[in-house]
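In the part that follows, the structures are each spelled out as structure tokens.
Two complexes are shown next, each including chain A; its partner changes from chain B in the first to chain C in the second.
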Partner chain A sequence: MTVSPNSDVQIDWRSAVRTGLIGAAVALFVCVVGIVPVFHQRALIKDIISLGQTVLVLTALGIGARGARAARATGARSLLPAMLAAGIAGGALTALILVGQVINLRGVFLNASPDLYDLLTFGLGASGAWIPLVSFAAIGTLGGPVASLPTAFRRPITTAVLTLLLAALFAGIFRSAMLTTPLAATARVLFAPVGLTVIGAIALVIAFAGGRELLAYTHVRQRVSALPRVQRRVVLWPIYGVLALAVLVMPQTLGPFVAQVVALVALYVLLGLGLNITLGLAGLLDLGFVAFFAVGAYTVGLLTSTAEYGIADWPFWAAVIPAVLLAMVFGAILGLPILGIRGDYLAIATLGFGEIIRVLAGSDLLKPFLGGPRGILNIPKPIDVPPDHILAGPNQIYYIALICAALIAFVAWRLRASRLGRAWLSIREDEDVAEALGVNLVQTKLLAYMLGAAFAGLGGAIFAGLIGSIFSSSIQLQVSINVVAIVVVGGMGSIPGAVLGAVFLIGVPELFREFSEYRFLFYGMALIAMMLYRPEGLIPTRFATRELHLDATQTGGEALLPPTEAG
Partner chain B sequence: MNARVVERITDGAIAAVLWAIRIVVVLLVVGGSALTLLSGQYSASTWLSLIVSGVVLGSIYALIALGYTMVYGILRLINFAHGEIFMAGAFGGYFVGTELSALGFLNANPLTSVISVVLMMLGAMVVSVALALLVERIAYRPLRNAPKLVALISAIGASFFLQYTFRGFFGAGIYAYPDIGVLAGTVPLPFITIKWVDALIVVSALVMMAGLYAFVTRTKTGTAIRAVSEDASTAALMGIDVNRAIVTTFAVGAAMAGAAGVLYGMVFRQITFLSGFLPGVKAFTAAVLGGIGNIPGAMLGGIFLGQAESIGPTLFLSGLQVPSPAQLKDVVAFTMLVMILVLRPSGILGERVSGQRA
Partner chain C sequence: MPLLVAKGITKRFGGLVAVRDLDLEIEPRSIVSVIGPNGAGKTTLFNCIAGWYRIDAGEIAFEGQMISKLRRDQIARLGIGRTYQNIRLFAGMSVVDNVLVGRHHFLQAGWIASVMRTRGVQEEERKAHDEAVRLLRFVGLEGGVQSQASKLPYGDQRRLEIARALATEPKLLMLDEPTAGMNPAETHRMTEFIGRLRDELGITILLIEHHMRVVMGISERITVLDYGEKIAEGAPREIQANPRVIEAYLGRGAATAHHSTRPQPDPGTGEAPAP
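Showing the complex of A and B:
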């Protein structure tokens, strides 16, 4: 233990070491689980740094910053603890490389391969084993002071990093979209086929970080919110207008691949908003959402398909209504027996339903009717247009899903303040009290469940129209988990939250197919992290924030366990 | 007044639908069984072998269910990640097993085979316990005072995180469990054919459950666990280290699940990163079936569910001319879960009304 001479607070070296050890686990994890090697295949800035290397750099910076904070050191004194913590993490990678030379770790961990070691040592292999140690220590040292910088300095750095990451991820899409326009020359300067060019990186960082600082220094936000209501509208409405326009033209301008992805995102926005009623308002955790999605999809398939198993040859729109109604009926039939049971039991029971429907859809029992794994083909598109029309292909699904999502959002928004909505909220808070106050538990819950089911059925119907066919393999537990994650990450009960959740959790992984392997890894992390640090979600409702934070302050000190007496 | 009437009519309709569902299920079960038995297309030995495989499956479910039931008893949390802890055990056992197989120890003679299986289980337990403690520390402990839904979602997150971590580590491929040739034969018994593997599985499951039962009822730590699950704050006042009791519970449950993972690998011969999910959910079903929080109940529930899954589809469905009824075993299992939750939420042995404690 060394004490710096001119300081009153002792540096807590042990905490720095502990942070280093945790950091070592994180660094080993991101390498061995394969995130670093897979991300290495994509460039952040062409020929300069790959995404995988960026992950490592950010890890090192983060460990350094946390190490310095754990050691309670600021300013220049933070350099050493930061270096120590990051050095320990880098040392773990060095150790990994050295051990990997002696023992064939690849027999157990697929990613602990020479490729990974080359990546970590810039191609030097064993002789470069010192590289991670030194580079982590060096980068981590920088992280120390960053943590104690004033906001005015930290904010532009964060903005710059985020800008680079997002721009690099979207570079290929922007580039191919711009190449067909007069902006082609600009696109070639800014974007490489994957990742950014050096000029692009510098330009974008200056534009975005600079722009944000400009906004911050001129206090635009405060000034706008200080304006009288009418004037504020004058300022904000054009901005909303531009945003809405961007949302509307997105699939038209960014090419067919992006159109497909945004159609899927819009579909999940719709599903998220549907579950938002069940989970967000009434607090019923439904892990079997896919069951109603399946009912909707198969109903549309059966009623409209012109191929085998089709029974009616109806047009798409005529089939949507029975699909939604049937999903609702299923919601009622499945919901009735289980809505008397509470909370977590309900989650498992609904999960069971999801699995039952999934197994039945693929079983030989229903194969003569639903086609089993071969599925129902030739479901007509909702709107029949020539292939070059602006409504062709996934675009029409995008618009349809958007309209339906807006409709659901409207319904949810109006319902929340209604008598029924308040009954839902009261059930979510405390069933016993709600019942004592005259809320009919089963009926109220059933309504929430059926509404959620109806919207899931609508989602399923639109999905059938998007894909043009429906197979038993489309009915997966993952669909339910996706929707739950959207609602939870966005903020339970929050409508903009569901939109944001769908964009991040569905859009981003769909756009970057090579990372899709790690999609549920990130979901898992996101769910845990949200619950630990921000249980109210990204865009919380005012209500949820107040409730969850009140809760923390009230029970923080006394209770050891969840208050079982309350149940 | 009018709203009142509507509400009562709705309540009546709900009750009618509920009864209709019950009647349909009972009719399906009774009618299906009668038709199957009357048709006589299955011989007694077929039924016997179905029962044996039900016992084998059931003892694996029972081992996993113990972890669910103990954690639920103490924290009122469905440890969603428990299925993944089980899968991790299966992988831990796999790597120990392939290593032993490569050394030639696994199949040298019956004694080394049994020792190998024990070693595999120990390896699996180490992996599972380490993982479970990590999950408890990171995903559950900070949320002990949080609303229940929050902790449950965190548990679901942990489950997916572990699944895809394992996918990242080991890939999406199928891992074939090492072949234990010595155990492939059958036990020399009259009337009934039981493979040595199956016998070994049932015996080791029974031994572990007996050990656990003794641990929980006879030792000081076990008493502490029971006290905490009865009433945590009072237990804390009596000087019991609540945190230690909780951590021990997680560790013990994970050890059982890890061992179950090895047994599962020996029966089904192949594991993937997704192997834990369905057995996990079904083991939870078994825990509910037996009465959640109740340790003998979990064992009983496991065996019961194993039987239902093994015999059920054939017994209930084949008489109704359902094609390939074995495909529908999950349907039978989950329908049973729902029926238990509706009809007797306290489970077979449970005294607590879980609907009210939950």
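Showing the complex of A and C:
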């Protein structure tokens, strides 16, 4: 047996205990806040394990792994510290159950109920209080060695767990979508109404974890990127084609609820791409983006509504152009006085403008014109079709938003590579030096601000068409914050990043309405994790990646070099 | 007629007078150095000329036009370029894009034409790109023009900063310690290169420099600042013999003790000793 170089290092028991205490706080938190009980309603694998139990298992594994790492122990030596850390966390749950028998905790923690205790003890209640302690310690013990496994073993485990979690979360949607197609029989085999079937779980794990390993072992990625350009296209274009087709048929196959959600996602993609010019390229942090969204929406409302407050009865499309232009004019009016200020101060000023517009829209002052909280109703659909038509309902908004987003992506892509894009980037990097090189700051910033405003106005116009009405309560600070988060999470200045950001931050939460109570909790956790582990965004621009992962690419490059001299 | 005339310029920061009642004239196609101990107001002078600071008194004229009230971009367009004591590249942009930002105001494309990528825009971009690559070769940057600016070695970053300034087609180029942090061989190459800027491109150079060998070697005139005031001005030979300069650099005692010695560069660093 080889002695690992670490084996003479003392195991740091104190750190393991500390990790255990932190883990105890986490375990208590997820239980009494109610995450575990709510997730217990859904199955991961039908009749075998619920999502709530999965949360507990993953917590125990995680605490074990962290405990072993904190104790600086690897391999067989990691078993004891991992067991200790996870045991402390499990002990906290045991203590919770015992305390709960004596004192009624429900006055403060609604979820500290007998239901929770039954969940934790497999229905045994107080007499099974020892179960969390023992099961956490047992599962946590596994976490230690798992964490010190080499990547080749750890990767398939990670893939399998992620596959199961995602598949189980989306099982209902997949199932109902496939039931209307020839795949109905397959759907019944793979998916239960909530969660996966045993066969489904096994099949999906083999397909995804196995497939990923196959791709990794055969070096498909490297081979494809090593191909000459023409051949690479031959390989990649069919893949893009299939993806594009999937995007096109998505609202048709997944039902009206999902269609509504994807339409909202497409709308936020559009807004994200708009702010990507202002914030991503020019670096102007605009927290009042919703103001221009409001201008676009209300303009369309006023010009098209057939109900009260409507002034022109225009068709939808005729109203879009003045909506966009008016948003641009507002961008200029609001932008001119404030673009001289920088950074945080600009953010505060734009935040103020956004709030002013929001308050004005709901105010008594403008009520005779904008309808106040009652809003403007009866905004016509962009395309008038019978209700059973392929373009009826949210589907048509989805396609319209998709086309507009594609258009904006094209505009943003072209601008980025132009002299204006370079000027914006230089302002983001160092505006003093940019000005000293002859870049007119006011002009250049104003253009970025106005273009962003125009795209927000377009988004507002489409939103008005989607909802069919516009209320002052639709104009919320939350919209601005969502859009900023999309740009930052996706990757500043990155066009595919804005798309992915919108899918993650808008689409996924919408699909899990039943967990909506915890939406901001997960939002916050996701944002903190992003800033810690991937500050450049999900799909960063070229240089941002290099900046943060240079070491990895350099060593990789050296390893690929052939030996130049023999002995 | 001088290219740049500064008359009685004064810059205060609160109670501190960073530049006091300073006169400066720079002849076209000359190389002028500004020297002085740390904190003498050299970089402040640059910032006043380039429009980074509003001067509190006095006037600056460039080719007969008053520039002391103009914005930085307007001054840059008139033909004053500069580099920075601490290199200030656009670190996240590519090498060639850094230079192309300097070409910005020579290009016409508006946002609609840029989105359409009209024939005119394509032609303009291609020309600007060729010009940028030519400038990069001129300053001696071979290598990939698409690599990230901050990944360049230190000396190349200084060169890139000069190429970026040259892209604005300056008549007056202000270099703030271009040889700072360079070894003797690099310093020698940079000195030669500054000479070429004047001889081949006809650019007037205003230089802040601590390496006395560089200053004495290439300057036609030298202005010496101390505590924001001009204490001497003249050809290198006159400056080296000027007792006030020696006093500023070495202190009064040294000046009286070795009144015949010149401010010799420190043989180790080539840098004049600071007080």
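Rule of thumb we're sticking to: the second predicted complex is superposed on the first by the 538 of 567 C-alpha atoms of A that agree within 3 Å, B and C clash if a C-alpha of one lies under 4 Å from a C-alpha of the other, contacts with A are read in each partner's own complex, and residues count from 1 in each chain.
Everything below uses one rule, namely that a residue touches a chain if its C-beta (ideal position, glycine included) is under 8 Å from a C-beta of that chain, and two chains touch if they have at least 3 such contacts.
Bear in mind the structure is a predicted one, so any value in this text is a computation, not a measurement.
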Combined model on chain A where chain B meets chain C, clash or fit: fit
Chain B versus chain C as contact partner of A:I528, first or second or both or neither: first
Touched partner set for A:L451, first chain B, second chain C, both or neither: second
Chain C versus chain B, contacts on chain A by residue: B
Which of chain B and chain C A:N440 touches, first, second, both or neither: both
First (chain B), second (chain C), both or neither touched by A:L415: second
Touching partner for A:V32 - first (chain B), second (chain C), both, neither: first
Touching partner for A:G255 - first (chain B), second (chain C), both, neither: neither
Which superposed partner A:P337 touches (first chain B, second chain C, both, neither): first
First, second, both or neither for A:L425, with chain B first and chain C second: second
Minimum Cα separation, chain C to chain B, after superposition on A (Å): 7
Shared chain A contacts, counted only where both chain B and chain C touch the same residue: 440
In the complex, chain B residues that touch chain A: 7, 10-11, 14, 17-18, 21, 75-78, 95, 138-139, 142-154, 156-165, 167-172, 231-233, 236, 242, 277-278, 281, 284-285, 288, 322-324, 327-328, 330-331, 334-335, 337-338, 341-342, 345, 354-358
Complex contact set, residues of chain A against chain B: 29, 32-35, 108-111, 283, 285, 287, 332-333, 336-338, 340-345, 347-349, 351-353, 355-356, 359-360, 362-365, 367, 440, 442-443, 446, 477, 481, 484, 488, 517-521, 523-528, 530-532, 535, 548, 551-552, 555-556, 559-562, 564, 567
Chain A - residues contacting chain C, complex: 410-411, 414-415, 418-423, 425-426, 429-430, 432-441, 447, 451, 543-544, 546-547
Contact footprint of chain A on chain C as seen in their complex: 50-52, 71-73, 75-77, 81-82, 84, 88, 90-94, 97, 100-105, 107, 109, 111, 114-117, 121, 125, 128, 148, 150-151, 164-165, 167-168
